[in-house]
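Below you'll find a set of structures to go through.
What follows is chain A paired twice: with chain B in the first complex and chain C in the second.
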Partner chain A sequence: MKITFPHMGNVYFAAKALFDDLGVEYVIPPLTSKGSLEIGSLHSGEEICLPFKIMIGNYMQAIEQGADTVLITGSCGPCRFGEYCELQMNLLNNLGHNLDFIVIDSPGDIGVKELIRRLGKISTGSEYNRLQKFKALLNAVKVVNLIDEVEAKARYLAGFEANRGQCKKILIECKQEAIKCNSGKSMIEILNHYLDKLNQVPIDQRKEPIKIAIIGEIYTVIEPFSNLYIEDKLMDYGISTKRMLTPSWWLKNLVLSPMNMNQLDIKKKSKEYLPMMIGGHARECIGEAVLAYEEGFDGAIQIFPMGCMPEIVSKAILPKISKDKDFPIMTLVVDEMTGEAGYVTRIEAFVDLLERRKDNVLSRC
Partner chain B sequence: MFLAYFLQTGQEYFNVANLYKEVFMKVGIPKGLLYENYQPFFHTFFEELGAELIVSPDTNKDILDKGVKYCVDEACLPVKVFHGHVASIKDKCDLIVIPRIMQLRKREFICPKFCGLPEMVISSIPEMPDTTLEPIYAASNEKLFQWAKVTGKQVTNNRSRIQKAFEAAVENQANHKMGFDDRDTKLKVALSGHPYNIYDNYLNMNLIRKLKKLGVGVVTEEFIDDEIKDRETSKLYKKPFWSFARNNYAFTSHAASKGIVNGIIYISSFACGIDSVVIDLVQHNIGDFPLLVLKIDEHTGEAGLDTRIEAFVDMLERRSS
Partner chain C sequence: MYYLGVDVGSVSTDLVLLNQNKQVVEKLYLRTKGKPIAAVQEGFRMLKNKYGNSEILAAGTTGSGRQIASTLIGADAVKNEITAHAVAALDTDGDVRTIIEIGGQDSKIIVLKNGIVTDFAMNTVCAAGTGSFLDRQAERLEIPIEAFGDYALKANSYVRIAGRCAVFAESDMIHKQQLGYNEGEIIRGLCHALVRNYLNNVAKGKEIKDKIFFQGGVAANKGMKAAFEESLGIQVVIPEHYNMMGAIGAAIIAKEKVEKAGKTNFKGFDLADSVFQSKSFECEGCSNGCEVVNIQENENVIGCFGDRCGKWGSKLAM
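Let's turn to the complex of A and B:
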């Protein structure tokens, strides 16, 4: 059994740590690229959303490297993501690939027993005992928390750094080093090392950079390819960015949600505009926009794939927040046809607007 | 103390605003989305509460234009049309009913846009009157009454009246029958899709009339019962969690496998998230059984639609003879 999984931002670091520690065979699909998207959109239905197409591309490239089992999470919310597993199984079957799918669904819909059976399936190839398996899981959680922390810190400091480009360099180096590790423990050491390095980056105290919050649909904000590396672009412009939705946030949210203790601040902030959970991450998007305003950000950029149902609702509400609070929010809709030049022009125009609002057009110099 | 209590309740009774509310309340009901399905419920409920009903006209060009103007660009056609219906009556009433339908069956949902519908409308259309905001969980009558309690209060303060109105509304709704069942015609198609696409004759350009003119009978999903639906959907790896996905999948699957119809017409609005999944599942399930997917959006040209229907019917005729 060779397990593979679809890419989603930094998840592959944690997955590598987990499978290494469990001693399970696995394939990490090549990082998402134009090639994977092309394969994906060739085989997928026309109107299905972008994440689906990219995931199919990931699977196909992993199959080439010998993967035969796919691990994905499911959901039974009103968003389309919950139906992915069924459609993808049919699709890959039609293409003649007989893959085993392990779908991690909420126990409310499939029953606790079934969930434990499916989780057990992941580690069938492992020779270690339960304690070691549990330790592997803990290490993986630590890794995902650390890598998200490193990334968030580098993105935020990018606006303040004294030597332009230093944070980006550290971030790239960190990812290159971390993926070379062969166990969860060594990966944690590396990540901690780079976190220290980021803490020592010289800061220019006089700088007042533009700060932008990245909000929107969880997959397209986390997976850098799908949003055409918007965070890297903003980093190059010397802009601080913040994004709340990360794999580690998702994990924390998942653990806390049965107790109703998750994202208390988001619930509070979004109450005025969208008091309900409507599926996907629409309420988070609204709450983050309000939070970003209150935290003194200069603007927010919403990103979602074409046709995403929950985000269309939040797109309808965001102009009202923007008007009420005098807070610029731009929406970018991405799909497989998104042209990079037009996309970059819009981002640049938005940044120009923010600069002028600040009466400080030299903020990035 | 007694006097104070008396004064307080007295005030409530003689509050001019309340009095106005009870006598002259005008409640607007937009004829969009699931209006056709739940029309008796909403009509009876608000009529029994003593409100004057203002119902928007059938969908027409003007309503569609208004909807396109106000609604967010990415939304699907039915949601845009709903915005148009609201805009057409918003100046004539004190309260607009925007049903936030969360659930029709246990552990099932409808499209996320339904859950956020009041917010979408309020944020998009300027100068809106009061709207209903309470979510509708229609899985059981007790849960549904929760909606009636809160919404009824926006019209009247009389609790027993709300209770009575609710009971009458539920009873009327139970007698509501819809759907087509022309199983005895020679050539017939299963018409599948969301109810608001099937029953809005402006959006689907009189599809049903066109089919009947060509001598084709129409069968809709209402005639198969829950047991068959459960049986059909249990074949899937994962139970569909949208009510309409379940209905349409089970209906097409049953109709195709039992040979009840000659072909399937699936009418779907452009960029509908649920249909993009269901059509995929249906295609995979029925194999090479005839299926015509009609996409509708605000630009649909009628001639192109006619040609596609005629070609499909021709094909069915040739297959059956």
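Let's turn to the complex of A and C:
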């Protein structure tokens, strides 16, 4: 058994730590690139959403390296993502690749017993005892929390750093070093080391950077290729960004959801505009927009793949929030295009808008 | 003494020279034809004999080709089209509240309040609701796009044509043609389809308030102006230099920037005679596999774009 998995932001760090510690064979697909998208869209239905196509690209590139088992997460929520695993299994089958799929789903939907059985399947190739396997899982969870923390910190501090570009450099270096590690333990050490480094980045106290919240559909906000590296771009402009949806957030949400203890703040904040779950992460999107306003952010950018039903609903609600709270929100729809000029124009214009608003407000003080 | 503005768009490349009172003294409207470098060079060739390099106090670029144009000419300001259009409109008339801008590949709405941009939107993933839609249909009807407006105004009524996307519209239009509607009515219908698409897509949820400026290449089409006025019930103003607004904005922004910085980076008109070459390659430094474009002037590298890590290109000015 040789396991692979689709990319989604920093997930591959945790996956590497997990598989290394379990001692199972695995393939990390090459980081998502135009190549993966090209392969993915060649084999996928034309009307399916962008994440599906990219994921197929990831699988195909991993299959080239000998992968025979796919580990993905499922969802029984009312959004196309819930069908991904079945559709992808069929699609790969039709292409002559008979892969085994391990679908990790919420215990609320498949039951704790089934979840444990599926988790157990991952480690069938492992020679370690249950305690060691449990430790491997714990380390992987630590890794995903840490890498998301490093990333969030670097993105936020980018607006305040005294030496422009320092945070980005640390973040890039951190990822390069972390992926070289061969065990969860050493990866955790590296990540902690870089977290310390970020804590020591010289801060310019006089700076009042533009702060933007990244909201929207979970895959396209997390996977940088799909949103044309929007966070890197904003970092270059010296803008602080915050994104609530991360792999670690997802994990926490998954664990807490059976007890209904998940995302209490989001539920509270979104209540006025969208009081129910309509699928995908539409409610999160609305809640995050309100939260971003209350936390003093200057604006928010919503990103979603073309045709994403839940986010189309939230897109229709956002102008109301924007008007009620005088809080600029811009929507970006992503699809197969990789020409960046149009996106850069919109992002720059949005930043201009926020800057001029800020100046105006200050001049009135 | 002049300020140069260059707007490299998908369809046209516009160059303007403003005098010190921000009046347009020279304007060039050239077709980009997918070759932004050649278009800028062509414009410079026309300006070279009339103006000296030292007469240019500042240069600014905008449009989707603004980065490459900036590298080429040594721009003082590189600004996105939205800000550039807003700046130019506000300079023409400080009371503007709404700007409708329809170009070749994109359309935008800009909402202004107290002289600043408060909201804007652009078309999303496709070119529906833009000039290329009309261009395409003009081609099909074998009527020059310049004459489109006159045809529309001559018609007393219009046929309803689906405006969602150019492909839908085309089949709908063919059906109507086969039923025997005349060209004028169909063309007027196309204008209405485009306006409907614009209002339902780009301008959805935006407040359109008087005074409205209609700019961009499509504003040349009288049928479009009439269709907007009919749908909105408000008079739509087309500024004198409607198809140059981006370039004018870029020149004004450059002027402000140079007044602060004190000197210009403008490289001069001589680049009209240089030989430019662009080469692209896939960087193999890491698994990102960035597509890097390398621009050379007389075999000297003057700019690199497309890499994420900054290994090839320098940080681009905003």
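Here is the rule we use: the second predicted complex is superposed on the first by the 348 of 365 C-alpha atoms of A that agree within 3 Å, B and C clash if a C-alpha of one lies under 4 Å from a C-alpha of the other, contacts with A are read in each partner's own complex, and residues count from 1 in each chain.
The rule is simple: contacts are C-beta pairs under 8 Å (C-beta built on N, C-alpha and C of every residue); 3 or more make two chains touch, one makes a residue touch a chain.
What you are looking at is a predicted structure, and each value in this text was computed from that prediction instead of being measured.
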- Message: After the superposition on A, what does A:Met309 contact: first (chain B), second (chain C), both or neither?
- Response: first
- Query: Looking at the overlay, does A:Pro319 come into contact with chain B only (first), chain C only (second), both, or neither?
  - Reply: both
- Item | First, second, both or neither for A:Ser257, with chain B first and chain C second | neither
- Which superposed partner A:Ala341 touches (first chain B, second chain C, both, neither): second
- Quick one: classify A:Cys79 as touching chain B (first), chain C (second), both or neither. first
- Could you say whether A:Asn94 touches chain B, chain C, both of them, or neither, answering first, second, both or neither? first
- Message: Just to be sure I read the superposition right, which of the two partners does A:Val333 touch: chain B = first, chain C = second, or both, or neither?
- Response: both
- Query: Which holds for A:Asn163: it touches chain B only (first), chain C only (second), both, or neither?
  - Reply: neither
- Query: Looking at the overlay, what does A:Gly45 touch: chain B (first), chain C (second), both, or neither?
  - Reply: first
- Per residue count on chain A, the busier partner among chain B and chain C is B
- Doubly contacted chain A residues - partners chain C and chain B: 306, 316, 319, 333
- Contact residues on chain B for chain A in the complex? 71-72, 74-75, 100, 102, 107, 109-113, 115-116, 119-120, 123-124, 133, 135, 236-242, 245, 271-277, 279-281, 284
- Item | Residue numbers on chain C that touch chain A, as the complex places them | 64-65, 79-83, 106, 114, 116-120, 122, 124-125, 205, 286-289, 291, 308-309, 315, 318
- Item | chain A to chain C touching residues, read off their complex | 30-31, 33-35, 165, 172, 229, 232, 236-237, 306, 316, 319, 322, 328, 333, 335, 337, 341-342, 344-346, 348-353, 356-357, 360
- What does chain A use to touch chain B in their complex? 45-49, 74, 76-80, 82-83, 85-87, 89-90, 94, 103, 105, 108-109, 273-280, 282, 306-310, 312-317, 319-320, 333
